[in-house]
Amino acid sequence: MNGGPLRVTVWGENLQEHSNPAVRAIYPAGMHTTIAEAIRQHVAGANVTIATLDQPEHGLNADVLAETDVLTWWGHVGHDRVDDRVVERIHERVLLGMGLVVLHSGHYSKIFRRLMGTTCLLRWREAGEREIVWTVNPGHPVARGLPEAFVIPEQEMYGEYFDIPQPDELVFISSFAGGEVFRSGCAFRRGQGRIFYFSPGHETHPVYHQPEVRLVIANAVRWVGVGPLPPYATFRGVNSPTGWFSPPPNP
Amino acid sequence: MNGGPLRVTVWGENLQEHSNPAVRAIYPAGMHTTIAEAIRQHVAGANVTIATLDQPEHGLNADVLAETDVLTWWGHVGHDRVDDRVVERIHERVLLGMGLVVLHSGHYSKIFRRLMGTTCLLRWREAGEREIVWTVNPGHPVARGLPEAFVIPEQEMYGEYFDIPQPDELVFISSFAGGEVFRSGCAFRRGQGRIFYFSPGHETHPVYHQPEVRLVIANAVRWVGVGPLPPYATFRGVNSPTGWFSPPPNP
Amino acid sequence: MNGGPLRVTVWGENLQEHSNPAVRAIYPAGMHTTIAEAIRQHVAGANVTIATLDQPEHGLNADVLAETDVLTWWGHVGHDRVDDRVVERIHERVLLGMGLVVLHSGHYSKIFRRLMGTTCLLRWREAGEREIVWTVNPGHPVARGLPEAFVIPEQEMYGEYFDIPQPDELVFISSFAGGEVFRSGCAFRRGQGRIFYFSPGHETHPVYHQPEVRLVIANAVRWVGVGPLPPYATFRGVNSPTGWFSPPPNP
Amino acid sequence: MNGGPLRVTVWGENLQEHSNPAVRAIYPAGMHTTIAEAIRQHVAGANVTIATLDQPEHGLNADVLAETDVLTWWGHVGHDRVDDRVVERIHERVLLGMGLVVLHSGHYSKIFRRLMGTTCLLRWREAGEREIVWTVNPGHPVARGLPEAFVIPEQEMYGEYFDIPQPDELVFISSFAGGEVFRSGCAFRRGQGRIFYFSPGHETHPVYHQPEVRLVIANAVRWVGVGPLPPYATFRGVNSPTGWFSPPPNP
């Protein structure tokens, strides 16, 4: 961060906005634009830019990532179209401290599955049903300013079992009208980086226009926004005795 | 355990069974008897005995605890009547490896609060509403043999925020008809001992007669049943250089 | 924090500074003064005050705690002289978001044991031996600005087994010349509050004058300094249906 | 496990045993044979078989894995020669409950990195120096029967920072003569499976002949040996409403 403004890159798949009029009606400028606005609204001084799947290297070349403190990710029908080399580049940056906020169907993105090491599968149902998001970690920065629970009137259901490693910190749990539960706000640390997964946000519901959801995303951006950081000796591949820290502790 | 049968002491407050006909109608021999039967049903060879509040030292004198591998705890209106010296004795035994299974309103027992270090308060409502218990840790031994979710038709609602330390392993999350969620199956390690908290089980609902609930309790008894174990040097207060393990590693 | 400066209360037992000339030689104004200076040095704008055992209510009456964002704790030979009512008051404040930084022999203070729920015993030896503090969580804010490892030339040995709950985040592990290891930097969340335990800092070694140690303490103060926060419904004892959040989610 | 004997497959790279006389002198029948003997010695009734890199599909075809409860993994110079399809197959089996014990240089195997999602890099030095393995989780089954610490006279140094997710349970921490520390015994849960990483065991030191090390490996095999288990709905790809558990909870 270098003391300057937080540099946020909002990545959007930007496919269903064009293929589905219902999505375009809710997000005429794309979900990514709405998400970027939410971050600008709540994170004072943030420098927020947008990148999308159709751009060269999906808008995430090495220079862009080198100047990104936090990357947010929304993908759905185009997961397989994301270049593996870009995924590896993001992965490397996260381990060196770039924050990552993964939203909704991003649970099945290549980068999230790569970082989790599990299938990241879950149970789901599209029925426009009520979700209630409960805070189970009220002191966590991502819960700051939020009520003890808030209601999303219409949402896609995401339910357990959600095949992820146990989160380092579980912040939100949701219930759905159908009776399911879901770990909807999960914090992870990997390498020097932080990852926050937040499940609300289907493309055919105006979830990213809802004030509480926008605040959660902005809080998550701030919470993961710690880096990038200089690599550790192990990251640099400096594993020989000469890579030892100086002066050696036990001469 | 010494290779012998698992020695389980089922502790019951045994107050509302006498004061409330509705409780007596469901649990004529006391909830503790029903719980003990569930354990005998599922834990082959277990040696299950019962202790209650009205007994001398609540049935938990030093000899009893010395021969107990697992203690289960159900208390509610009589938490304050439990002798602090007995609580300290249980606390010490748990840290030395005695397993502890805390049920339902036992969340506010002295021993659970002592071990957690937090208030253990929660949100609640008595409305006989539907609870669904979801498994979020399907490989955990306490979930063994259970379906991905099961329904308790009528229950007291227990809801978040539940003021406990983040569990070492979260096994079950429940939803309620009113929309609340609750971390209903929580595993903790403290010292050499294991603790499992399981929330279903109100006194005016026949929850402890339900097969899935009985299996969870039996699984929990088996999972926490690792000790007691010999004390470590630090537990013995052997902190001087002469308490060093032998032979010393760095002569 | 209310947007104002971070309000830090540094608590010192202030006994051995008077009884032991060796301690006074290293910390002529008391360890608490040196610790306070380290915080002022690194936490810009912090409002740092000092409280000691000999003051009425140990300098920690309700008004002081109500205006404290972070409390640091150093105690050793006087643990038993700390009033239980003050301990309960601190405990309550921590669960409502006041940060707590526990230093060295504070591991056996009443407040730390109360929050942990375990004995907090450890292995120790006074031999003025070399300690190396290694970072095992390089992205953690408490490790910010520190090298991958640093050496404390002479320290009391603190060794495992350290009887604490598994930390929510393990940040530092130390090794000692004698071969022992110790989880020397441990982060915990309890209620809405954060706790950081950092073990370096014996009274007869100039550890609190060492730059790396001072930076860790300042980082820890910043990291735990999130509150106090308004109590949740469960903390307020609002557990009846009428204590429900408004409007109810499922009318 | 189906109630029958525990079925263990010990996988060995089996390269340096042939290329390096020093390795062959210590492990004339291969490290895998010594590891298999340790398991047979301590896990009563275990059915232990061996698979190696040079076999078709590295000895790990679908039928073998389908009948494996626990796989142990030792690899070093041949990580890159392991077929990605075999890695995917193991990965899938672990998530469905097959236990995995990863030994020493296996930290950089494809399967361990795949499951962790991080680089799994560490600091190392070959100097035949003393390692002390300390138990920091004395109630954990993998520590059963072991002393509070034990010494390995000559070992390769493995040091922090070790780039892994925070373990679900940290069981052992080692110190080395050079002053480094290492999280040498780490327990993870992924999907329905368990993973244990244990670092002692270099090919040019007789570590796998040492009684304490053999007991740890056997304990680890028992601890991870819970499955395989039937797949959950989400694993089966049953995500539509018709994949709902039956009967639905909220008709």
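Each chain carries a letter (A, B, C and D) given by its place in the written order, and its residues are counted from 1.
Keep this in mind: a residue touches a chain if its C-beta (ideal position, glycine included) is under 8 Å from a C-beta of that chain, and two chains touch if they have at least 3 such contacts.
Since this is a predicted model, take the numbers as computed values, not measurements.
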Chain separated most widely from chain A, comparing mean CA positions: B
Type of chain A:chain D copy interface by residue overlap (half), same or different: same
Centroid spacing, where centroids are CA-atom means, of chain A and chain C in whole angstrom: 32
Between chain C and chain D, centroid-to-centroid distance (C-alpha), Å: 37
Where chain A touches two or more other chains, by residue: 130, 132, 137-138, 148, 161-162, 166, 168-169, 179, 189, 191, 232-233, 249-250
Pairwise touch network: line, ring, star, complete, or other: complete
Contact footprint of chain B on chain A as seen in their complex: 130, 132, 134-138, 148, 159-162, 166, 169-170, 173-176, 179-181, 183
Contact set on chain B toward chain D in their complex: 97, 130, 132, 137-141, 147-149, 151, 168-169, 177, 189, 191-194, 226-227, 229, 232-233, 245, 249-250
Residue ranges of chain A touching chain D (in the complex, touch as defined): 95, 114-119, 121-125, 127, 161-163, 165-166, 168, 177-179, 188-191, 232-235, 237, 239-241, 243-244, 248-250
